[in-house]
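Pasting the structures here.
Consider the two complexes below, in which subunit A is the common component and subunit B and subunit C are the respective partners.
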Partner chain A sequence: MKRIYVREEWCIGCHLCEYYCAFANSGEDDMADALRGVKINPRIQVEDADGGVTYAVSCRHCEKPRCAEGCITGALTVIDGVIRLDEDKCVGCYTCIMLCPYGAITPSKGKPVQKCELCLSNGAPDATPSCAAHCPNRAIVFEEGASPCGL
Partner chain B sequence: MRIVIIGNSTAAVGAVEGIRAAERSNAFDAEKQAKAGGGSSAEITIIAGEREHTYSRPLISYLLEGKTDEERMKYRPNDFYTINNVKTMLGRTVASVDPKAKTVTLEDGSTVPYDKLLLAAGSRPFIPPIAGLGAASDGAEYHTFQSLADAKKLEAALTEQSRVLIIGAGLIGLKCAEGIGRHLKEDALNGDSAEISLLGNKALSENRAASITIAEFAPRVLPSILDEDSAAIVQSHLEKQGLVFHLGNAVSSVDGHSAVLADGTRVDYDILVVASGVKPNIELLTEIGAKSGRAIITDPCGRSSLPDIFAAGDCAESLDVTDGESRVLAILPNAYLQGRAAGKAMAGLDEPFTEAMPVNSIGFFGLHIGTAGAAKGESSVIKTESGYRRFFFAEKRLAGFIIVGDVNRAGIYTALVRSKLPIDAIDFDLVAKKPQLAAFAPKERRKMLNGETV
Partner chain C sequence: MIHDYIYPEFEVARDYDKCVVCRACERQCANEAHVYKEKYDKMTCINENCVNCHRCVTICPTHALKIVRSGDTYKRNANWQNWIINELVRQAGSGAALLSSMGTPEPYPVYWDKLLINASQVTNPSIDPLREPMEVRMRLGATPGTKPQRGADGRLKTQLPPSLNLSVPIMFSAMSYGSISYNAHSSLAQAAQQLGIYYNTGEGGLHRDFEQYGGNTIVQVASGRFGVHQGYLDMGAAIEIKMGQGAKPGIGGHLPGKKIVEDISRTRMIPEGTDAISPAPHHDIYSIEDLRQLVYSLKEATRYTKPVIVKIAAVHNIAAIASGIARSGADIIAIDGFRGGTGAAPTRIRNSVGIPIELALAAVDSRLREEGIRHRVGLVAGGSIRNSADVVKAIALGADAVYIATGALLALGCHLCRSCHSGKCNWGIATQRPDLVKRLNPEIGAQRLVNLVTAWEREIKEMMGGMGINAIEALRGNRAMLRGVGLNETELNILGVKHAGA
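The block that comes next holds the complex of A and B.
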């Protein structure tokens, strides 16, 4: 299946992926309306490492999904390889947050938790997840590849 | 092949999914399995005392709190048994297992044959020997808080004016208290009124105030997962919500309306909840000679010491990877993964579950707590605006941690505990302040994020 891969050598640390993620999941049609005056809480997060290295971290859709295996409600399930969240079932116990080796499931405002669902649940029009589609330097790509192995 | 599963909760669901995953797996030898008896798809029968569709047991406090409902509590969708071709015998109790005849006998005397048997019967509340405490007929009535039926019974008994006494400040007792809070009269649960209700019979009758009082034998709240300092933070938070604690103070006797504590304090109550821990349901196997400690001893594929009999979930022990000890790790993810490994093994595919460890994630009135691994040995504490963090180290590895407050991205810590990565290999000071992948060496990080082939 296609996954999000990140190339830290190409990442320029612009954080655009975070803004596009927040927009894609905002339910708004216009980016300015979605983000004006908003402190964004995106499902992808750019990290800064030593030496000016930056890269984006989001759900890896692991083949061994510790979050879904440990989900106490059954709200996290794997559908066609994508780890999906049923917000209606989730009670916000944060077990998944304690189990994700990437820190890719995070608390959310207005709902219990949030995670990347490859833009499948948010009505985004592109076939490519918004972060990858709008990365200006192809540091985030959406392509076929191996399942990451966590830690 | 006939697989019988006793139990219908997390480990049983894990087993069903494990069996069917094994049958779909490339590594599965269908031909060999077919020769072993009865086709390549196992006949699965679930026998359980509870009549409900499989539901998430930890959600009963959320149900009491009004944050979920019975439909959303279902651990798997309504068509779970149909799509997995599982025969259910719900509301039925297994009385005994005959390992020679390979049958289980139900309470009505009927028998069910098996080729492989899984005990996934969980646990039951432990009722401490307290003077006056007993069944409704011969002693003071009490509630327990472990099943959907328990939650419904408790909810039906609660009124806005209820004075509730909970015995036990563990995970179950405190989640129960949180769930009860919603039912009591608004404003009743502020510290003052709750105190008044403790003045004994003076404050009783018409003017009594609703209250939640918790008596705990151990000197702190959540004694199984928290240290003194973090327990004090949690206790203070809970007291602000109006909960009243008597710690280091066991209940000596009850009479149906009041309890006397070890230090002589009298607590009057309308509703008594016993939340003093659980006892694994292991008798079906121990009485036929299965090796057991506190629970059934199994290998990492769930095999008990008896041929073709497996155990998983809260009735089975696990090897805790953090210290190599065998113990009951009564947490939901562990039950699922034990069950899944047992299911696969019963279907003929050995994929041992070797990563069992304690991981707790729990919140009370908006304050979150995350703990994992072993809480012993050398440690360091970080107190920040967003809460309390204590890290425990053993042999230059992160052995465990306790977080109260901001648990965002704490799974990175859990992964460090599980993987036993040497602390020297990462920038631990960085990750201790804020969990992040930047603390890992670039090569390791690329492997984690992109898989080995990139």
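The block that comes next holds the complex of A and C.
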């Protein structure tokens, strides 16, 4: 399956992926309408590490996902290799948040938790996940391959 | 000192209805022209810091930014124009010679724009490049000048001197590692290989990582002799002796010690932190005879397997100089016009020394033909070739191929802010700062260069087809395919073209 890979050597730390993610999940069709005056809560986070190193972190869609294994209601399931969230089943216990070694699941406003579902559930128009489509330096790519997660 | 304040030439204009305060502009501007004001949760700008590189304009996700002319002006004066006053004020404050980057922006005539290309009508058919083969390959180098001899099997018996073989008559001209970044070099090298053309190391030596592209590399030997060793000469497809550069004829170069970081110091073979000074002349060349010695020692060193290029700036008496070079044993002469780019040059020299490439090229080609030695050398024209029409015109004026550099950098992202000498290129090109170099991903860079040259190749074929020419060799020096507009008798004579209508 196609997956998101982040390539830290090309990440320029612009944080645009975060904004494109927030926009893709906003349901609006104009970024300014969606994000003006809003403090964003994206499903991808850019880490600014020491020595100018930056890289984006989002769900790795692990082969053996701890979040889905630990989910007490079965709200997190693997569908075609993608870890999907069924909001109706989620009770907001935050077990998944504590289990994800990447911190890729976060609390969300309005619903209990949020995670990256490769832009499959948010109605974003791009065939490519929004963050990968708009990264200016190909530091996020959407390609065929195995899970980048070692777990 | 209040005297030193100069109101910025342009301003950053932000549409606050669109700005989502993502701060990408702030993170991407190495000149720190964008500032986030926490107090108002708003972005503001320090226009004085902006160099107009358009990095923020292109990266802003909501297209909230543009750069506008500030409009500040002194009292109208056709003689003491704003920029002349500002430069003088700056010098009165600093006491220093002015430094500039890239080609001269001054309004000298661009002869390309005064030349028009022919097309066939009725009497000679045009050719459709989509239906019929079009040959744009070019052999660049000396030819024996005698009728080629063929053996009984039809194969060529005449030994041809070594040459460069171009899939399209466009090459990337010299830009040294040091003046441009590792990733810029990597992009150029990869693109040259994919396109079947050549890029040029410039005077900074060849980085180990790029030795694999040697077959598509022209290695340069300049007055500083940086990074020149036997292996370097052997690695390249051709060797270029740099005698001059269009942007700064008659002067050398100076890469400050702070830019000589580890990798560059190794490639240039000089200690870290020392200034890399290229003397104005080659200290062993004071005549054509001296040049001949260098040409032949380089040929000898590479066992006569590689063509030797001599690159000169377009200056007065260029035709006589080129004639001398053709007789020195060089295989190729590269002429760099005065609009050519540079990483740093004294402003006065860049803006007032040298002559236009169009006139230089035409004069050289005519002279070499008159003297019956045109076949002894290949001719390359450079110094602001901006599009495929310029390429076609250059070839019709007598060039075998062209060199592009500024055009290549534009493809990589350069927006001609002309502040390369600051070392803070926001596009990761003219910089060695790792965080900035990283912004140029060579995967993207190489692809854009390949796109550019491929697009030009298509257009060249279309123009050739229109003229009824199906091999680029038939266009070379074919000045009947050109007409001038708005040119006087002298200009037309030098260019060797008729006026439109004639």
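Simple rule for what comes next: the second predicted complex is superposed on the first by the 148 of 151 C-alpha atoms of A that agree within 3 Å, B and C clash if a C-alpha of one lies under 4 Å from a C-alpha of the other, contacts with A are read in each partner's own complex, and residues count from 1 in each chain.
Just so we're on the same page, contacts are C-beta pairs under 8 Å (C-beta built on N, C-alpha and C of every residue); 3 or more make two chains touch, one makes a residue touch a chain.
Model, not experiment: these values are computed from the prediction.
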item	value
Clash or fit (per the criteria above) of subunit B with subunit C on subunit A	fit
First, second, both or neither for A:Ser121, with subunit B first and subunit C second	neither
Of subunit C and subunit B, partner touching more subunit A residues	B
Subunit B versus subunit C as contact partner of A:Trp10, first or second or both or neither	second
First (subunit B), second (subunit C), both or neither touched by A:Tyr20	second
Where the C-alpha centre of subunit A sits as vertex, the angle toward subunit B and subunit C in the overlay (nearest 10 degrees)	160
Which superposed partner A:Leu99 touches (first subunit B, second subunit C, both, neither)	first
Touching partner for A:Asn41 - first (subunit B), second (subunit C), both, neither	neither
Shortest CA-CA distance in Å separating subunit B from subunit C in the superposed model	16
Subunit A-touching residues of subunit C, taken from the complex the two chains share	17-20, 22-24, 27-28, 59, 61-62, 64, 434-435, 438-439, 441, 443-444
Of all residues in subunit B, those that touch subunit A in their complex	56, 58-59, 62, 67-68, 72-77, 332-333, 336-337, 340, 359-363, 368, 370, 372, 407-412, 414-416, 418-419, 421, 427, 435-438, 442, 445-454
Residues of subunit A touching subunit B in the complex	5-6, 8, 47-50, 53, 55, 57, 60, 66, 69-70, 72-74, 88-89, 91-103, 105-107, 145-151
Of subunit A, residues touching subunit C in the complex	9-16, 18-20, 23, 31-32, 35-36, 38, 52, 134, 136-139
